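Next, two complexes with subunit A in common: one pairs it with subunit B, the other with subunit C.
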Partner chain A sequence: MTDARTFGFMLTMPVLAISQSVYAKDYLSVPQAQKLLFPDAESFAPHTVSLTKAQKKAIKKLSGVRQRWDEQKVWKAVAGGKTLGWFIVDEVVGKHEFITYAAALSADGHVLGLEVMSYRETHGDEVMQADWRAQFKGKTLGDVFKLDEDIANISGATLSCRNLTDGVHRLLALEKLVLNRG
Partner chain B sequence: MAEHLRSRPLLGTYVEIGVPGDGNAATDRAITCAFEAVGHVHSLLSFQEAGSALRAVNAAPMVWHDLPPAFARVLRLSLLMMRRSGGLFNPTVGGALIAEGALPGCGDDLPLPYGTADDIELIGNCVRLRRPLALTFDGIAKGYAVDRAVKALRQAGMRAGWVNAGGDMRAFGDHAIPVSRREADGSLRPIGALQNGAIATSLVAPHAGDRFPSLTVSAGAGVPMPGVWTVSARYAWQADALTKIAALAAPQHRVALIRALHGALIAGPQEVAA
Partner chain C sequence: MTRIRPLATAALMAATFGTISAAHADESLLGRVKSAEVLPKGAYDLTLGTTWRQGKDRGSYDGVDVKAELEYGLTNRFQLGFAVYGRSVRNRGLLVDGYLPQEGTFGPKLAAIEVDSKYNFLSPAKDDFGLSLYSALSYGWMDQHSGQDKNTLSLEMKLLGQKYFMEGQMIWMGGIGFEGTYADRAYIPGLPEGFDWPIDPETELEITVNTGLSYRFAPSWYIGAEIEYQTEFETEVGQERWSVFAGPSIHYGGEKFWMTATWLPQLDGGGERYPGQTSGLHLIEKTKNEFMFKIGMNF
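Presenting the complex of A and B:
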């Protein structure tokens, strides 16, 4: 996060300054994600899963992805006495990213939907020397520099979501091996 | 200002869609429609996904294919950009990307590394590849998907909003969004505010990595200049494609060429180093 005072100060510095900070966004709470992914559900019954070593090993074998934790937060989405599917909150960790997401799986083991709940990324903040703004003179990206706002959008090389895709494979294995057994 | 934001994994990256305000059922529906628009483009144009319309075309060159309208539109835009950039933008480099390991193979036979605009026959919504090539829209599809999402938001009644598909973004309406650029070393640098326009950034690295899987290759002449390339334009498909042209253009022509193709180079590696 960069605020105007820090930035103003940095502009007077003659050299590049770099500091570590966390880029973070919270998108959805658990109830919000539940409502989006299972709009027809009447209730969500908590169904915390505790995994044995053997189950974790089996999940790894089936999905090719390591199940790091012993407990997985799962809710059973129910309407009219019928199970609509499973709502699972999961986390994936990348080199710089930490992502919490919600997955909706059908009772027969298909992905019904995915929503990112929160995203964290650690990075170096870079504030260039005073004349860096001059480089953008005459360029057409918007008309103003809003230095007093949090920097909320990153344009950059496309970040892979492979970690999350792997996470979903792991959850599908968990569903098949553990949840399906009631 | 309050904003209603959501994010889904799509197009191999994280797609974020936002509208100003606290959010309600109508904004949620609009954002869901916009995600579905992105998902539709993904299902048509994914090189990786079995069953995509693009895979079907690549699997059977020299045969006429009836394309879904969005596919034909992207192909038409790609050919336009290809011709106007003198071939710097090239959607036929799938074979070269497979050979580099940046894209998965699509059968036993390796396609030709790349072709020319004349290798693609497009009549109405029907296409035929004249030679065994592999089309890839990795240089334009993400931007196009962003444009489709913006259209979906507008059709759902949103007066302002923005879509960010892993760094390719577009904002519309009376709402400016602050933008930072991720540099090659992972650091973030503020580059301005975006309003009623699009911006895209591409990293030209020698090899595709796990975290940033894209790779820019040259079809014939020229070597992509390593660095981070950022271009703004009216539409996201333009900005997306123009970053590849920026990386491949001869330095003395780069700025003028991008401008002639209705974009603006925001910051290339040489500016960063200045």
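Presenting the complex of A and C:
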């Protein structure tokens, strides 16, 4: 019984110890990310997209990536009455938590830029660095989107890199199938 | 029990102290089943694991194993580890010819050292299916079951598979491994006449197959379940034992550290049994329950 008590003590103390360590790293707000990705935009018109099952299925078919969310937060970036492109906030699975990022897509379906808004993993802070994110610039739906082929992998953060890469590919499919029709 | 306490306290202090400084990568989502992932180059992982082996149906039996391990990512595909084991065994009310020669409390004391490595052939996130080879060489001087002096030299080889589902929210892992052991027990003076305690060196071959699933149900929190079949063949008796353990785990993975708690009851077992044993389990070298707790820090 004393063994049980000792072991129980060993179990509970570290559990209590972790409660002090709630963490969150939010690097960018939506307005900050909008400003970085569309510096010339005069306004951002909210354009929340609700997806039907058929649309989600079509996105998966086109990109090879499951569309997890029924709703996608989208803004139309506008300047001088012209559409500069789409600003989309998305979340993908990281090793421990969701990674929140924003993608800027042009109206003709290529990537203008990428900003990581929230990253909470131990390894792989490099995904926030400009040179890693710059690999996505100019990419279109027809590109490969495969780690270590057209996007460099970051060791220790492979799942994060894979899901961010797949996420951008999926957003290009969303742009083609849903946003382009509006 | 009071003799078990110093070991437990040391484990607790190390675990609690460790949480102050560090952080994740080769983390254990389950108790027994290993992942195929490796640490990135230059990363360290310090893990402290405790296993409480409890109950043999008759009498009162408790074994506590503590493993402290430091792992290092030598390259992005290859990691090395060094581990130290501490152990304490308390046995009351059960003597088994050839296996449990004495009642009492043995330990806590240092029991074994181990060097291990993991080589990653395929990455589960990059190649869709993860595959690694784990190997470990260990030297021990305290019998895990009886607590008696016993020198052992073991070599373990294990193939590890891993697959992500739902973009990594659900993870399958599995392993198949072999462990060969050369064992040499020490003479115990004063045993009753006729009590069997062989002191000739023997060799053992252990085969382990396990598999499990882990699902992230909330940010940083995973629940999982695993099942493990293990059998051992030994020089004298052929197939000495087999057992099936299965049970749940809960895992927390944070930026600074991770931890996993597991309960593995023995569901089925066979092989050698002690006289008068009523349950259909293997309870000579195994117990009815195993409770595991691991905490790890990456930096």
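Assume the second predicted complex is superposed on the first by the 117 of 182 C-alpha atoms of A that agree within 3 Å, B and C clash if a C-alpha of one lies under 4 Å from a C-alpha of the other, contacts with A are read in each partner's own complex, and residues count from 1 in each chain.
Just so we're on the same page, a contact is a pair of C-beta atoms (placed from the backbone, for glycine too) under 8 Å apart; a residue touches a chain by one contact, two chains touch by 3 or more.
Please read these numbers as outputs of a predicted model, since none were measured by experiment.
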{"item": "Touching partner for A:164 - first (subunit B), second (subunit C), both, neither", "value": "first"}
{"item": "Partner chain in contact with A:114 - subunit B first, subunit C second, else both or neither", "value": "first"}
{"item": "First, second, both or neither for A:98, with subunit B first and subunit C second", "value": "second"}
{"item": "Partner chain(s) touched by A:48 [first = subunit B, second = subunit C, both, neither]", "value": "neither"}
{"item": "Which superposed partner A:153 touches (first subunit B, second subunit C, both, neither)", "value": "both"}
{"item": "First (subunit B), second (subunit C), both or neither touched by A:27", "value": "first"}
{"item": "Touching partner for A:68 - first (subunit B), second (subunit C), both, neither", "value": "second"}
{"item": "Subunit A residues contacted in one complex by subunit B, in the other by subunit C", "value": "2, 7, 18, 23, 25, 95-96, 123, 147, 153, 155-159, 161-162"}
{"item": "Residues of subunit A touching subunit C in the complex", "value": "1-4, 6-7, 9-11, 13-15, 17-18, 21, 23, 25, 66, 68, 92-93, 95-98, 120-123, 147-148, 153, 155-159, 161-163, 166"}
{"item": "Interfacial residue positions of subunit C with respect to subunit A in the complex", "value": "1-2, 4-5, 8, 11-12, 15-16, 19, 23-25, 39-41, 43, 50, 52, 54, 62, 64, 73, 76, 90, 123, 125-126, 164, 166-169, 216, 219-220, 252-257, 259, 261, 291, 293, 295, 298"}
{"item": "Parts of subunit A lying in touch with subunit B, wherever the complex brings them together", "value": "2, 7, 18, 23, 25, 27-28, 36, 94-96, 101, 114-116, 119, 123-128, 135-136, 139-147, 149-162, 164-165"}
{"item": "Subunit A-facing residues of subunit B, complex", "value": "5-9, 12-14, 16, 28, 32, 142, 162, 164, 166-169, 176-183, 185-195, 197, 199-203, 205, 210-214, 228, 230, 232, 264-267, 271, 274"}
